[in-house]
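Dropping the structures in below, format is structure tokens.
Note that chain A is present in both complexes that follow, paired respectively with chain B and with chain C.
Moving on to the complex of A and B:
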């Protein structure tokens, strides 16, 4: 293997695939990054066996070949090199790097030993605009469970049907559902559970991408491939049955309040300071207005032996005056990803689920289970 | 066999068997007599496990020469005269059984003199019969020598254990009385070696130094007697939780200065330590209980080791409250033991005191031999100092710096303590916070657990679990306590484990402490686990909450939440000092 590429491109590529390098692995080679010539470009790959990231760097290939070297060592070294051409030459298992007057040799491990990255050729194939996918992931992935006693909940359920992609995530206490548009309809209906971590990694790559993203699900529904312009992400899928979430979304409510999203978020953050000492509980009280005065939403928190606070924002309230208590974190989580200026809060009783949806966008629903408190 | 009245000899032997079980029982009876005689020095000599020879010498009031014969008659006593006296016994003995019982099973010599008599009396008895009598002089007091115990009761003699075992029983008896009467100088010689010598300074801690060693005695926490004239009054010394022992042998109870065995009090003390000791560990405690004599019946058992309280629950509550209060007020952080360097071990031995002691032999000089160990101990406080978090070790311990060195905090134990107190206070205020579950959780249980949970639905609701029966052997969980909701794993399998643990805790019976067990179990399941990496903000928050906790030193199961490596230990370790 002998090739030349730009330091900036190599550093960028290593930074991207570095996210998939295993940190605590029993398989030492997964701490390495795979360098291989591929169709006139240099392909960088890393995997932690759950996800695999590949990135292609343009360059001048003089001789084909492949090797794996410790990812951390290579990345740190390349990052400090001047922005110029980097010559990479493989001699046996020793990789030589040269950039202007800097030179390094690092011993590598045979590329054959690197875990093979699954190739997904056929199966379900869908295309989506990268902006739409980015938006969908940001609104849903945070609601997935962090711990894996119920593995399906650490994933995001993705359902492909017609030209819709519906992403849904839930931990035990909240549910987020987002409907995105595919660029072209798919046949039939396919549902898979993608690890939320894989989607978070993917969403880092999306903002730089203008082209659409190609999503391929393997026929056995065991892996999914996201193909971007210069990068690919392959992830294992989570096996299991995702809860039937549609029945968890309340179909009606007795009180609906429309409030300014950022005011609501701010007031919740204020209350959450006091809520810190009270299991994060914030109490919402909705009061409808008269013809002359607007309705209001008060947000308060109270911590025994610490103190209490109360904030108030304007709200258009329809229905009976109501109250409900939530964990402040669940409210701030959802309010900070809603981009629309106004959000509707729909509730029925203090013990039934609360529903949030942005006003003017039909695609997003967020359900939060209340906390039961003494009022 | 025809019915016949037993011979006096046989009767006395049977009666003796009730009082005199083994050499230690003789020692107990004789020491009690000495104490009732107002002795300030009691010397006990033991040879051959107390079977060959037992001698108790005191400087008490002695027995008048004219009464020495009566003393060995059954039911003869100078301690009570009427039934009214029996109602309010203040002396240790009163049944008038000890001396005759001892005399009937051994060779006894009594040598005594009162302050008034011109000459002392010497009396020698064999099997209860006087075989020698003479007038001899001696200082005020009495010496009773018991030889050849059980010489005429081979059955009893056969059941005696080895000399060493019998000696250790005697040693235990003397120890208990030494604690009960710290103002009396006790000296115990076993096979001519001094086995125990208490200073008789009147300070319970000084006596404890002799019995438990300086190290432990210094750590003992004093129970300040409640000043009010309430009965019962509780005083004494208790060990800090880290000085716990693996058996109950270190709990001594004294009721009106009488050493008693009391499962009730032992239970009260263990209850007071609840949540501070690991299971299988038992506290060190010396408890003096003062109770109106009419409130207690000591005449239950010939050896008077067991007593009957008129209001057992009041005594229980008083003891438990006093011990708990002392514990809460003064609980030191366990010091880190650095095993590698021996010189680091701190032992402030009062060597100067020993050197200064005057060899005059005067009783009072003993005080200077034993400078009050309390002066060496800086009073530990219950609260922990303000700590600055430095980092996390093995995703398990938080390292923090305080004004007096480095603290290692077990993140799980610390969080458990914080949550435990939170749940407890929420429950007390009936304001338990509940988090609704998005999807009701189906809990599968065993038939026994099902019965328990069915019966306790309301109690569980009070803790924030909304359970609905859901067919055979399963329940639908609709909401969980907010403390559990912090980690989403508790929406699934973790929740099932927590609930089953609680059901099992309830199944063990609701006698006592089941609430605490539920609270501890909630805290345990809600707390961060060992192995969970925390960011600096989370660690600071946890330490902040721990600083505010009422009992920050231990987790609800009794494990310490933190160990302390003092600045001076560090300096020594690095050879700076």
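Moving on to the complex of A and C:
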């Protein structure tokens, strides 16, 4: 193997695939990055056996070949090199790098020993605009469970049906459901559970992606491939049954308040400062207005022996005056991702789920369970 | 086979004797109790505060429940073969020199003919509730100082109930009529002085200290009588030639601060009979703990884990009774050489589930005993960071099932006793070592 590429491109590629390098693995080679010439470009790959990331770097390939080298060593070294051409030459198992007056040699491990990255050719194939996918992931993935007491909840349920891709995530206390449009309809209905971590990694790659993303689900529904312009992400799918979430979305409410999203977010953040010492509890009170005055939403928090605060924002309140308490984090999480200017909060009792949805957009619903408090 | 452990019950309360902020109840308008301002606003009005203390409480309940024990020396704590200590001794037993916290074996040597009984804590709790509800009839300001004692603020109630002395007498009569337990009462202008007074003529006594005579009343008594003076403080005071409360009262606050830090000044004012702390309603429990002295020092993991399981269930049951959840779980270990340590961990979320409390404490034990060579004498489980608030769940989870299980067990045990249903772990401990109360 012998090739030349730009330091900037190599550093960028290593930065991207580096996210998939295993950190605590029993398989030492997964700490390495795979370098291989591929169709006139240099392909960088890394895997932690759950996800695999590949990135193609343009360059001048003089001789084909492949090797794996410690990812951290290579990345750290390349990052410090000047922005110029980098020559890479393989001699046996030793990789030589040269950039202007800097030079390094590092011992590699055979590319043959690198875990094979699954090739997913057939199966369900769907295309989606990069921006739409980015939006869908950002509205849903944060609601997935961080701990794996129930593995399916660490994933995002993705359902492909007709022209729709519906993403849903729940962690036992909240549920986020977002409906995105595919570029072309798919046949039948396919549901899979994608690790939320894999989607978060994917969404880091999406903003600079101008084109569409191709999604392929393996026929056995064990892996999914996201193909971007210069990058590919393959993820294992989570096996199991995702909760039937549609029945968790309240169909009616006794009180509905429409408020300014950023005001609501700000007031919640203010209350969350006091809520820090009170299990994160913020209390919401909805009061309807009269003919002359608008209704209001008050958001307060109190921590024993610390203090309390209260904030108030205008709200268009329909229905009975109500109160409900939430974990501040759950509110700020969802309010931070809603881009629409107004959001509707729909509640029924202090102990039944609250529903948030952006006003003027049908695609998103977010359900949050309240906290039981003594008022 | 005897009872194999001594179970220490401890519900930590907000400090009862320390002056603390009084939360004004704005809704009810002017507070009933105006005593705090009586000094400053110039109104001449002395507080009338009772300290009511039930005599030999556990033993008295046992005697009330079983008339055949009446007049006999009764020792609550377990059978004399065990390693536990005396929880409570009737006055008939005290004649022989038996005292609380004395090892049972020693109590037996002092009085072999005494009746040794296991504790029936559920009965004590019921008796305590009935005791407190009697006090509630005479004042809205009742502050329990433990399961068997309370402060009652009678200030300003003369018009309604007559002089405080008479009320104290009536309370003692009612406690006897309704519970068959004698109560000793101290009556004065402050909590500290009343507490000392109630202890002075036990059992079945009533000691009143007139306004203005507090310091003179306390002065001749040994310092140990004063709340807050334990063996260590007593030792230090002895070292500086202070034996009587009056000597302590004469020391300057700055000197006392040197000796005891912040609490020094407080001790000094108490010694002078000055204590403005209000009688506050029941303090919120801040932690719950249960511990057990083992029948013999051991490093037997299954046995220790079984014991912790038992204690976790007791702590969990108490949490559920109080309708609280805990965020922090702590393990207490005392080794055979009496080295004692506490290790705590924060739970993922507040819980009242036995299994989660036990899981946390078991992990702490495993970590603590990794490579340990010293035998363990006592283990304890404590939960703190208590709260009533809870995050409700959207999806059914394992926790829901465990919560339902615990509540079902609570119901069964309330009717049929603890050992009506047990886990394998506690059953193994029980088989090996004796019975749980």
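In this section, the second predicted complex is superposed on the first by the 375 of 375 C-alpha atoms of A that agree within 3 Å, B and C clash if a C-alpha of one lies under 4 Å from a C-alpha of the other, contacts with A are read in each partner's own complex, and residues count from 1 in each chain.
In the analysis below, a contact is a pair of C-beta atoms (placed from the backbone, for glycine too) under 8 Å apart; a residue touches a chain by one contact, two chains touch by 3 or more.
Keep in mind the model is a prediction, meaning the values are calculated, not measured.
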Notebook entry, point to check: Putting chain B and chain C onto chain A via the overlay, clash or fit?
Noted result: clash
Next item on the list: Check whether A:279 is in contact with chain B, with chain C, with both or with neither, and answer first, second, both or neither.
Entry: both
Check: If you stack the two complexes on chain A, which partner ends up touching A:372: first (chain B), second (chain C), both, or neither?
Finding: both
Check: Taking the superposition as given, does A:146 touch the first partner, chain B, the second, chain C, both, or neither?
Finding: first
Note to self: Contact-wise, after the overlay, does A:335 reach chain B, chain C, both or neither (first, second, both, neither)?
What the structure shows: neither
Next item on the list: State whether A:173 touches chain B only (first), chain C only (second), both chains, or neither.
Entry: both
Notebook entry, point to check: Should A:224 be classified as contacting the first partner (chain B), the second (chain C), both, or neither?
Noted result: neither
Next item on the list: Can you tell which stretch of chain B bumps into chain C once we superpose, 1-9, 109-117, 217-225 or 343-351?
Entry: 217-225
Next item on the list: Could you give the residue numbers on chain A that contact chain B in one complex and chain C in the other?
Entry: 147, 149-150, 153, 170, 172-175, 243, 248, 278-279, 281, 327, 351, 353, 367, 369-374
Item checked: Complex contact set, residues of chain A against chain C -> 147, 149-150, 153, 170, 172-175, 243, 248, 278-279, 281, 325, 327, 351, 353, 367, 369-374
Item checked: chain A partner contacts - residues on chain C that touch it in the complex -> 327, 348, 350, 387-395, 397-398
Notebook entry, point to check: Which of the residues in chain A end up touching chain B in this complex?
Noted result: 145-150, 153, 170-175, 243, 248, 276, 278-281, 304, 327, 351, 353, 367, 369-374
Item checked: chain A-touching residues of chain B, taken from the complex the two chains share -> 422, 425, 429-431, 433-439, 441, 464, 479, 482-483, 485-494, 541
